[in-house]
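Lettered A, B, C, D and E in written order, each chain numbered from 1.
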Amino acid sequence: MSILALRNIAKSFGGNAILKGVSLEAEEGEFIALVGPSGCGKSTLLRIIAGLDHADGGEIVISGREVSSVAAADRNVAMVFQSYALYPHLTAGQNVAVPLAMRRLTAVQRFPFIGNLLPGQRQIRADIQRQVKEMAASLKIDHLLDRKPGQMSGGQRQRVALARAMVRHPSVFLMDEPLSNLDANLRVHARGEIVELHRRAVVPTLYVTHDQSEALSMADRVAVMIGGTLLQLAPPQEIYDDPAHIDVARFLGQPRINVVETRMDASGVVRFGALTLAVENSAQRDAAVMLGVRPEFVRLNGNPNGTLKARVERTEFLGSEVIVHMRLDAIGEAIVAKVTPVEASVLSDGMPLSVEIEPDRAMLFAMTGERLQARTVAVAPTLEKAHG
Amino acid sequence: MASIAMDMPIVAADRREARIAWLLAAPAITLLFLFILLPTLAVIVLGFTDFELGYGGFRFVGFENYAELIGDRTFRRSLWNTAVYTAIVTPVSMVLALAIALLIEAETRAKAFFRTVYFLPVASLLVAMATVWQFLFHPTIGPINTFLAEFGIAGPNWLGASGTVLYGLSIIGIWQSVGFNMVLFLAGLTAIPRELYAAAEVDGARSWLDRFRLVTWPMLGPTTLFVTTISIINSVKVFETVKTLTEGGPNKASEVLLFTIYQEGFVYLRVGYASAMTVFFLAILVVLMFLQYRVLDRKVHYA
Amino acid sequence: MSAHSLSLGRILRFAILTLGALIFLAPYIFMISTAGKAQSEIFSSSLTLIPEQWSYVENFTKALSRVSMLTLLLNGVIVCAMIFVVQVVVAIPCAYAMAKLKFRAARLMMVLVMLGLLVPIHATALPLYVAFDRLAVLNSYTALVAPFSISVFAIFLFLQFFRALPDDLIQAARLDGMSEIGIVARVVVPNAWPAITAFAIFSVVAHWNDLFWPLVVVSNQDYATPPLGLLFFRAAEAGDDYGALMAATLIITLPLVAAFLIAQKRFVEGITMTGLKG
Amino acid sequence: ETVLTVHYPMPGFFKDVMDTISKKFMEENPGIKITFANPSATYEEGIQTIMRQAGTAEMPDVTFIGLNRLRMVNERDIPVDLGPFIAKDGNMTEQGFSENILKLAQVGGKQVGLAFATSNPIMYYNADLVRKADGDPDNPPKTWDEVIALGGKIKALGDGVEGIDFRWQGDDWMFSALLFGAGGHMLNEDETKVAFNGPEGLKAIEVLDRMVKEGGLPVLTKQAGEQAFVAGKIGFAFQTTGALRNTIKNVGGKFDLRTAAIPLIDPVNGKLPTGGNAVVILTRDAEKQEAAWKFAKFAAGPYGASVVVPGTGYVPNNELAAKSPEYLANFYKENPLFRAGLEQMPRMIPWYAFPGTNGVKVTQTIVENLSRVVEQSATPEEALNDAAAEVESLLPRS
Amino acid sequence: MSILALRNIAKSFGGNAILKGVSLEAEEGEFIALVGPSGCGKSTLLRIIAGLDHADGGEIVISGREVSSVAAADRNVAMVFQSYALYPHLTAGQNVAVPLAMRRLTAVQRFPFIGNLLPGQRQIRADIQRQVKEMAASLKIDHLLDRKPGQMSGGQRQRVALARAMVRHPSVFLMDEPLSNLDANLRVHARGEIVELHRRAVVPTLYVTHDQSEALSMADRVAVMIGGTLLQLAPPQEIYDDPAHIDVARFLGQPRINVVETRMDASGVVRFGALTLAVENSAQRDAAVMLGVRPEFVRLNGNPNGTLKARVERTEFLGSEVIVHMRLDAIGEAIVAKVTPVEASVLSDGMPLSVEIEPDRAMLFAMTGERLQARTVAVAPTLEKAHG
């Protein structure tokens, strides 16, 4: 049974259709990463699920209940806002305690002064304090609990916002870029905490992120939303290795996938460099198609006389790897390769070389963007490699 | 069909929100109804009668009171006087209040002192302060004219002459409302995020004026709209100073609406006629205020 | 160079503020001076601020003995406190509903609020008086408080401030499980302190100083509020007893000034929306 | 024990008087207890309060109403007719209430109250200024011409000194003083036509005009005039004798304050309007009415007068009080300033109250037209004719 | 001549020393990335440079002028705020135009109504409009110019904030995580725009980021600030390959560098697995030291009998690479390797294997964190590799 189901959610802002019928189901305890270009409607979708915005159409089912008419407060979802939305007048600790106090203390017990006198509340309050402290410690904000939002750094605020959501036991977790302002180590650490919490709580989680490694490493499935529709919803490896649409392929993967336009002949065969790909049962024969290769499958050959001659334009150092930007001599298109620093060390700007594409790694797409399933038929013999 | 089905829950959600809104507003609406609407209705009804205080009964006279109103010189005069008074007091007190609020906020020392000093007139009991003002404005032994005389200026007969009485009253009105508006502006100023000033500085808003125009003024929009509305209303409702200092005189030169209404209703005891006046006065103002609010509200930025 | 011009600006600012303060204080200066003068000294052709013969004790004694000042002040405190509490409790939820909830009656409410702002109490006093008489509640705290239990001014003021609160903040509160009342109490109110303080000041000042309504509904001196006490120093036709009047006015105004001094700190602690990004 | 609730206006003025009288009254009448309702600031407010409270449980049993408003109150049938009580007593004159005095509080023959504190207009003058202007303070001006001439001289002294302050603002009382002093009347006998625009009226308003033109009468508000006079900046002040005590206090030792009779345009037939108030019984309860009648007589009687007069400056409205050494005879001997009012008592006639619903408005109309003369924006004739026309239109159409 | 120089900047908040004497010089046109853990004081430093906060001590020199007493508006710095700080009442276009209008129009010309009548201003206004449009187009927000901040998504707001800073010609650029809310493609694109602008403007830029690839690929030099001090300021490759402090090494590099504690013998030699490293002239002999190896230099060996035996705990898929988390049998420490998906495909959780460390890639650090320069002396013979 799906715990969270969206059916055909649509939303426009003043005539601009932002969401054009988004459907999605999350199983119990499933972690779904929602990715998509900036402004594509991710936050809007989360807000609709939380009940903060009304969809123009569609259904939202949480734990088997259609919630469109349920108030946000009664949907029992926890959300991390992209804008944090911390209570400016409360300290970090109080901010985190709010959702607990709301659920665990009765209205009377929460009442100032009088509430403090009621039996039982002391125990609960102590309990809440403990939970807040634990949560804060796990997100490394325990030393900030007495500060107000105005006295914290951006990343600290973000962690408080995250803690406020994570401290609860909701039916659904919604997180809108909860780690965008954290440094890499903290992010990895927080990621671990989120995954850990998620494992314990077994609650479906919708996680918006712009960090691909986050999406790919944390999620059970990744939802790619572009132009108001979900283009693909699949496990990370599948979505990376087997994108259903050129936009998905383009969106995921750093650096971006190399795409060159080429032609499919009447027999459904595409030739590019040393590569020959055959497409079966395609409606589009004798038509332009796009060939995509991820930079890590582009090999460099020091011999400048291979099938695909290219020239180095510039290299980009990223620590453990180097991005090589090249231009193909024949068609003038840019092509990018990802190599190790060792491989890159012999390169220089303007240097001529050849590139090879790893067999079985090239993908074909129709000009409309749909993926065409192709089979590598043959690979022309390659020259010996320049480097080990 | 499908779209109707889809709309249903949204409508339901909206309805629930509306229900909560009604619930939250219910006490206010009830009280508003009891203490403002009903008595106002009573006033409207009275406006169609010849009711006089002290007599048991009354007669419905239709629009007779209104017909009389049209020819009433005093009422016209007081409309005009009220307009003049409002046209002086509202803008001047607002500009002064904003300037003082900004100056005080920019000042680091003695903030509490200045706030209190400028607020004092608001806290003052006007009936008592009026007598002080009366003395200050005294044409011969008053400190103001004595002071002016030092410079060889023959001070005017502030409250005594029909030519100056409105200005004299306006000065008192300004004195009283500056502190009021200042408090509102001070409250409004605190709600402006400091980060915006930082952005303005970095963007090269070099002078104080630039920052004011770029950040303060637009962010004060809601406050300013509020202060404008309230200032106008308060000026239009000027009464106590007129009552205690000039009684509308000399020769109706300081006759203002509320005083005229009071005079008709409570001194001449013609409650029916005074009620008609009140209704007329309310009708004009409601329309005016609503227009003003509609026009300005659109220009104001919220959140 | 810039540091120099900076301090020049500051001196100018300070000078302007001080000058303005003097002008604003002038009536009070005269009031304090008059409160210390003997009756024969008050009006004279020469302008002196310092009394020739100090009559403060005399005037203040008169002010305190002629009327039971303590009862008056106590009534003032009770009435103002009751009015303020009710006004705030009634107005804040209403303003919140109008500002932040989808509320179709909001526009109509706006008209009513405007109307309420415009209707002078002088106009509605008579119908209210008659109603109160029928209900036999004249001469009671109820009569003094009830008509002011609804403050359209408060609704209007809070409306303007609440509209400026970020929606995200309120929505975060909804997700945290707060009821709408809870949001009002826990999120809206703490973030609108400057507005509430401003309103508190106005409400207290207005009702503390209100002369008109207490005169209408109170004939029993046990319920008299401070301004009613001032009447005993006024003899309109024959000239007032200025020294005692000023002394009494000072006594009545002083609590207000003290209250303001405490309240104005709230403006310093203004809350800025720092918990949010955007 | 009967409890009487008493309401009165102008507490700054009357509080001490009322306290003293009621204390004495309760001593003498142990069965009656006096409690005071919240007083009203002015006569107007007092009337509003009574009008509002009439018929409600809040209505006081006894109140004090301005003499010029008795007619209006009576039209609304608010006061209790005191005729039966007088008839029952049968010896009002012996108690000091002469026919003349009773008349002051009659409306159309009905006794609506007993005059409590009465006043007439007198002339106050600053003897120092008079002396400086070569006048003789011991022999003050007797006619308006003399006043105006001396006023002009005083104004000529300069230094912000003005000649005359004449209390023309607020109501028609001081105009009545001029008009009645010239032997004029407000309306004709059957109250259908304006009569103040006759020759007497013209003379009266011309006096005012001349005071402005020649006598150094500045445009001042009521309070401003009063303050300037006590500050020693004005030569002559014409206003009620009721303000005497306060004026004495305000002047202190600043200058030599004197009083004298107000000049009359017609020294032979001239009359003066009576200011002040009357005690009026409101309660419809027979038992309370008895007690109230006792209190009314006590307050308006010699003891009341002996308390009111020294504390205010009002003239005694009880003939016993003025003459009896038990009450005020010695007081007048020792306080010559108070004598001016006393001596004018024979000229006192009721302050005329206009008939109809617009009665009060009429007085305002007159004041407004006077202000045009004082501000010199209209000639006396214009002002008088305008006033007459306007008042005419406000009179009840019969 | 350095255009921007910080000398010994110190700042505390209520007793907490946040900046403890930070010094830094930026040459004309130099691009410095400032990185550090969340809450370490990066934003504070930028605010101090911009003149929005006062340092407790130290000097700031911009273009040869000591600016401590210069007002923010006169320092001519452009800044992107971490919280965007957009004017909520202005549209995106107006927001971007503000700094231009402030500098190019006189106070009188900016005056409403009257200003519009003055000669010359129309030309300037048109010019500003053109510049705003150009800037917006290059950051892909041209379709949003008429929206107010409240009507934009997080990423869109961030780009508006960026545009507002970039449209100017300041003496210094300060950017506080300007791309944190953008998706990868947009981020790469925006990065390109920033670099391009920076090249044209030749203005020193201080760029705070949590994205290491951003820091390493864009910057001329990277400044690593930890615990209130600048630990290292060096070109990207140097800072990555040759960190001066263990914290720097730990901070940069994803996944984090592997660090194991081991001992240096009395002769200054450290042995770990098949590796022998010699440290010359070190004060610390016969002491505990830390050995660090980046995950990409940890090689997996399918033969579970190498010198360093380990067991796979879990693998993490990141698209073009896979992170392998292992535990060393001998010392029980975790160790992480970064491998290609192909290499990873044969691994399974719990699988025993051996790891090898690439010679010349291991680094030594004293227990205090300082780097110890070491030389690889010998590598024990390795077993044959399991994969390609």
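Of note:
Throughout what follows, a contact is a pair of C-beta atoms (placed from the backbone, for glycine too) under 8 Å apart; a residue touches a chain by one contact, two chains touch by 3 or more.
If you're wondering where the values come from, they're calculated on a predicted model, not measured in any experiment.
When the interfaces B-C and B-D are ranked by C-beta pairs in contact, the top one is B-C. Relative to the C-alpha centre of subunit A, the farthest chain centre belongs to D. Chain centres here are Cα means. That of subunit A falls 56 Å from that of subunit C. The distance from the centre of subunit D to the centre of subunit E, with each centre set as the mean of the Cα atoms, comes to 93 Å.
Rounded to whole angstrom units, the spacing between the C-alpha centres of subunit C and subunit D is 39. Counting partner chains per residue, subunit E shows two or more touched chains at residues 71, 74, 82-83, 86, 88, 150, 154. Shared contact sites, meaning residues of subunit B that touch two or more other chains, fall at 14, 17, 53, 131, 135, 141, 193, 195, 266, 303. Those residues of subunit C in touch with two or more other chains are numbered 43-45, 126, 166, 234, 240, 245, 271-274, 276-278. Within the complex formed with subunit A, the residues of subunit E that make contact are 13, 35-39, 41-44, 82-83, 151-156, 159, 176-177, 180-188, 210-213, 216-217, 236-237, 240, 250-256, 294-296, 316-321, 323, 338, 340. The touching residues of subunit B, counted against subunit D in their complex, run 52-56, 131, 134-135, 138-141, 157, 159-162, 245-247, 249-252, 263, 266-270.
Subunit A contributes residues 47, 50-52, 71-73, 76-79, 81-90, 95, 98-99, 102-103, 107, 110, 148-150, 154, 157, 164 to its touches with subunit C in the complex. Those residues of subunit B whose C-beta lies close enough to touch subunit C in the complex are 14, 17-18, 20-22, 24-25, 27-29, 31-32, 34-40, 42-43, 46, 53, 100, 103-104, 106-107, 109, 111-129, 131-133, 135-136, 141, 143, 146, 175, 178-180, 183-184, 186-195, 222-223, 225-226, 229-230, 233, 236-237, 239, 258, 261-262, 265-266, 271, 274-275, 278, 282, 285-286, 289-290, 293, 302-303.
Here subunit B touches subunit A in the complex through residues 3, 6-10, 12-14, 16-17, going by the rule given at the top.
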